[in-house]
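So, here come the structures, one by one.
In what follows, chain A forms one complex with chain B and a second complex with chain C.
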Partner chain A sequence: MDNWWLRALFSIFIWPGLLCGALFGWLLLWINRKSLAQLQGRQGPPFFQPFFDFWKLIGKKTIIPVGVSWAIFYSLPIISLFSIVFALAILPVPWGGAISFEGDLVLFIYLLEMPALIDILAGYATRSVYAQVGSTREALLTIAYNLPFLSGLIALALRLKTFQLSVFTSAPISIATVITALALFIALLAQLKVNPFSIPNAEQEIVAGIHVEYNGLPLALFELAHALEVSTLAGLIAILFLGAITAPWLKLVIFIFISILIIVLVSIIGAGTARLKVQHAFRFYWTWGLIAAVLVFMASLAL
Partner chain B sequence: MSVFSRLISYSRKRSPWVFRVNAGSCNGCDIEITPCFSPRYDGEQIGALMQGSPKHADILLISGPITLRTKEIVKDIYQQIPSPKAVIALGSCPASGNVFSGSPTIVGSAEAVVPVDLYVPGCPPRPQQILEAIQLAAKMLEKGETHSQKEAHYG
Partner chain C sequence: MPYKIPIGPLHPAYEEPYKIIVSCKGEVIEDVQVEVGFVMRSVELLTQQRNYTRDLVLVERVCGICSNVHASTFAMAVERIAGIEVPARARYIRTIVAELERLHSHLLWAGVGSEDIGYRSMFMEIYALRERIMDILETISGNRVNYAMITLGGVTRDITDPKGILEGVAEVRKTLEKVIIPIFSRDPTITARTKGIGILSKEDAIAYGTVGPLARASGIDEDVRESMPYAAYGELGFKIVVQESCDVQARVFVRALEMLEAVRLIEEALKNLPAGPIRPDETPLAIPKGEATARSEAPRGEVFYYVASDGSDTPARVKIRTPSFVNIPSVRAMVKGQYLADLPIIQASIDPCCSCTDR
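Coming up: the complex of A and B.
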């Protein structure tokens, strides 16, 4: 029993949780920024840039806006960070998966939703018009991107007849897996708020979006939560393809490779597109997302 | 100095985020800021990013001679930036009033409104010089030499 607690704590704080998740997330964020810069003909940031950004923000004084309770101002990013850490701890990566039980997929989806919900709350709580516009857009997008995201996961769960994530990794790769990955990838673009769907945090347009009033330590925590979100969501797609492999180190290599591939794809799409209006993004998700959802269900039930 | 504070001050040097305010500039200086983040000069190489919100910024770029109408706004924006922060006055205008000097509608000196850490000469300054100033300001932030850090130290 003791052993299990130790392993659970290990997966929350070290691998794949807080520590490794943050490092991996920073690596992915750097790859995203670097490849985006290269595609635009720029040099791009140095390797440790996300790391430095985080530590610099930690070292800044925090200004709490007038009329906002400090408890809310600080607790929102902390809740966001910890829910995504727990989500990452559930993810069955190689050498991970200490916390695994029937139905952990439901918990995983709930924990993954938290950062978006917290973002919406944070936008409204900080009493800035720009943040409120951002919150509204985020709320609308949540409804939109969850269609392909949830249907992808549910279809896979139906096919494998389980709500346990660790079964997902050991399932053999088929057409259904590929289509599910595609559906998740479509949703990923909006979940990470990258270019065609960078609507809630539209920089230049609504200043800095939801986090406009956040600064110093709470902003650093939000950035950290974002880095962890990147590694969780990219990792979620990557684990679908680990079925055929048995050696854990090879699994790890392929896991990292697929995650990086996804982020590079995200950068290419980000560099090649301009920001959509929120109604267009909504229409995109409810047409292409719906098609993806129907395909996913057909593939996983029929094939 | 503990490891953490050393890490934080080193990070300050490597990640200067910039907010710019136009205090009655003729736009010449502002147009010279944008190339700093374009492919040719690419400020992201030194970690610099243009921020939309003063709350995210470390460095305030002021251009223009500070007109009477923008005086309070510049002060307000300066206070909104969380310390430690640096202020760079761009071009001749915030230093002396330049071509606008003698006008009854300007303050003519950024120093009179906010504590300026660096002046960039030129009308307008070249993007290379602006980037160099951003880097110098970041180094000042690392060493704790900006006005905001010194005042916190003494006060």
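Coming up: the complex of A and C.
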């Protein structure tokens, strides 16, 4: 009993949770920024830049906008951070998976959705028109990208006849896995708000969008949650390909390699596109996302 | 319920301060209100307190991008009053500098435009090419921004190495044809952001009195270089670029084709550079009594100068009308019914220059 509690706490706070998730997220964010810079003929940030950004924000004085309750202002990023930490703790990475039960996929999806919902709330709560426009866009995008994201995960669950994530990682690689990964990758672009779907945080249109009124520690927490989101979402795709391997250290190497590959792909797409409008993004997800959804169900049930 | 979003005067999408107050319903723009005048420097008044030589330096600073065209148009007006003949070589060199300036201005615009639709890679690519043109301008004039090439009756510096400049220009042409124009015309994300966006009908374009690439993208067949050739445009044979589709994409195409035409004009002028002096031996300090106007085609459209002289060495009146001054109000006609997300690229598509507007 005690042992399980200890392992669960370890999962939440050390591996793969808060500590390692943040470090891995910062590594992925740095790779994203560096490779994007190299593709654009720029120098790019130094290795520790994501950490410096976080550390500097923590040290800043926090200013709460007039008319906004401090409780809401602080609690939103904390809820966002903890939900993504719990989501990461459920993710069955090598040497992880202490918290695992039938139906944890449902909890995982719920926890993954929280940062987006909190972002939307934060935009409306901070009473800035820029943030409100950003929130509207984020809300629309959530409806759009969840089509390929949820259908990918549900189709795979149907195929494996379980809602337990640890089965996903031990299942052998098939065409269904590859198409699911593809569907998740399409959704990932909007979930991470990168080009061509950097719509809710479009600097040239609505300044910083949702987080325009956030500063100091709460913004640092939002940034930390974003780093964890990067590692969770990239990791979610990576665990689908670990089925054939038994050695945990090799699993870890492949897990990191696939995550980095995904982030580099994200950078390449980001470097080669302009920002779309929200209605373009919606059309994209409801046509290509729908095609991916149909394909993934067909592959899961027929093959 | 409609709500109002103030955009500017300082905003990430703008190079210069001006303010647009947007009334929005959801993401759709219902109306906008444009405010200018944040960088007023009263250049017109200052010119009336300095002599003609110092005025040339001053009017060159009306605009940070199309600096040369202001000096040359002012010089044209003064030359007309004083009856100064500009030597052929000087006219060719003025044309070359004017077209190089057009190239760098259009590239700057294309870079800012790509930034406005979130295409950072294109921005970097375009600015790298623009840097080549800045190098060429520096080779010719010794300066990167205010070239100080124009003097009354001619130019201050000769082009000594036309071959070297031709090589640089050929390189620019290659990048334009191989990289920048194909991406702007074919990339699906750019097409999605520019095609059918920010329509300015021909009637509206005439009603607002728009000039330059903005008017030519709305099907108005007007270019000072063609209708009233100055410098060496008459001899070099200028071909006007007009597009009919009236949207942002048309403005992109007009500027892209104009850049190719500019490269052709520069090459033509460098190959046929006439021999002879670049400025008269002596230019008068005091200009005889009289008045004159001059028009020339700046990168953004027609620049108009009115100069009145009372016979002293200081102008009695200088009136400057810049292209952005007439183009900026047309934003209102273009954005109605468009999405808020399109506002940056629509306002950028007229290439607004606020320091010109406020002068």
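The criterion applied here is as follows: the second predicted complex is superposed on the first by the 303 of 303 C-alpha atoms of A that agree within 3 Å, B and C clash if a C-alpha of one lies under 4 Å from a C-alpha of the other, contacts with A are read in each partner's own complex, and residues count from 1 in each chain.
Here, a contact is a pair of C-beta atoms (placed from the backbone, for glycine too) under 8 Å apart; a residue touches a chain by one contact, two chains touch by 3 or more.
Keep in mind that what you see is a predicted model, and the values were worked out from it rather than measured.
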Partner chain in contact with A:V133 - chain B first, chain C second, else both or neither: second
First (chain B), second (chain C), both or neither touched by A:V207: both
Partner chain(s) touched by A:G272 [first = chain B, second = chain C, both, neither]: second
Which of chain B and chain C A:H280 touches, first, second, both or neither: second
First (chain B), second (chain C), both or neither touched by A:I199: second
Which superposed partner A:I58 touches (first chain B, second chain C, both, neither): first
Touched partner set for A:L39, first chain B, second chain C, both or neither: second
Chain A residues contacted in one complex by chain B, in the other by chain C: 40-42, 203-204, 207
Sites on chain C touched by chain A in the complex: 3-5, 11-13, 24, 26-27, 114-122, 124-125, 128, 187, 189-190, 192-193, 339-344
Touching residues (chain side chain A, partner chain B) in the complex: 33, 37, 40-46, 48-49, 51-56, 58-63, 203-204, 207-208, 211-216, 219
Complex contacts: residues of chain A adjacent to chain C: 36, 39-42, 129-130, 133, 136-137, 195-196, 198-199, 202-207, 271-280
Chain B - residues contacting chain A, complex: 5, 7-12, 14-15, 38-39, 42, 44-45, 47, 51-53, 55-56, 58, 80, 82-84
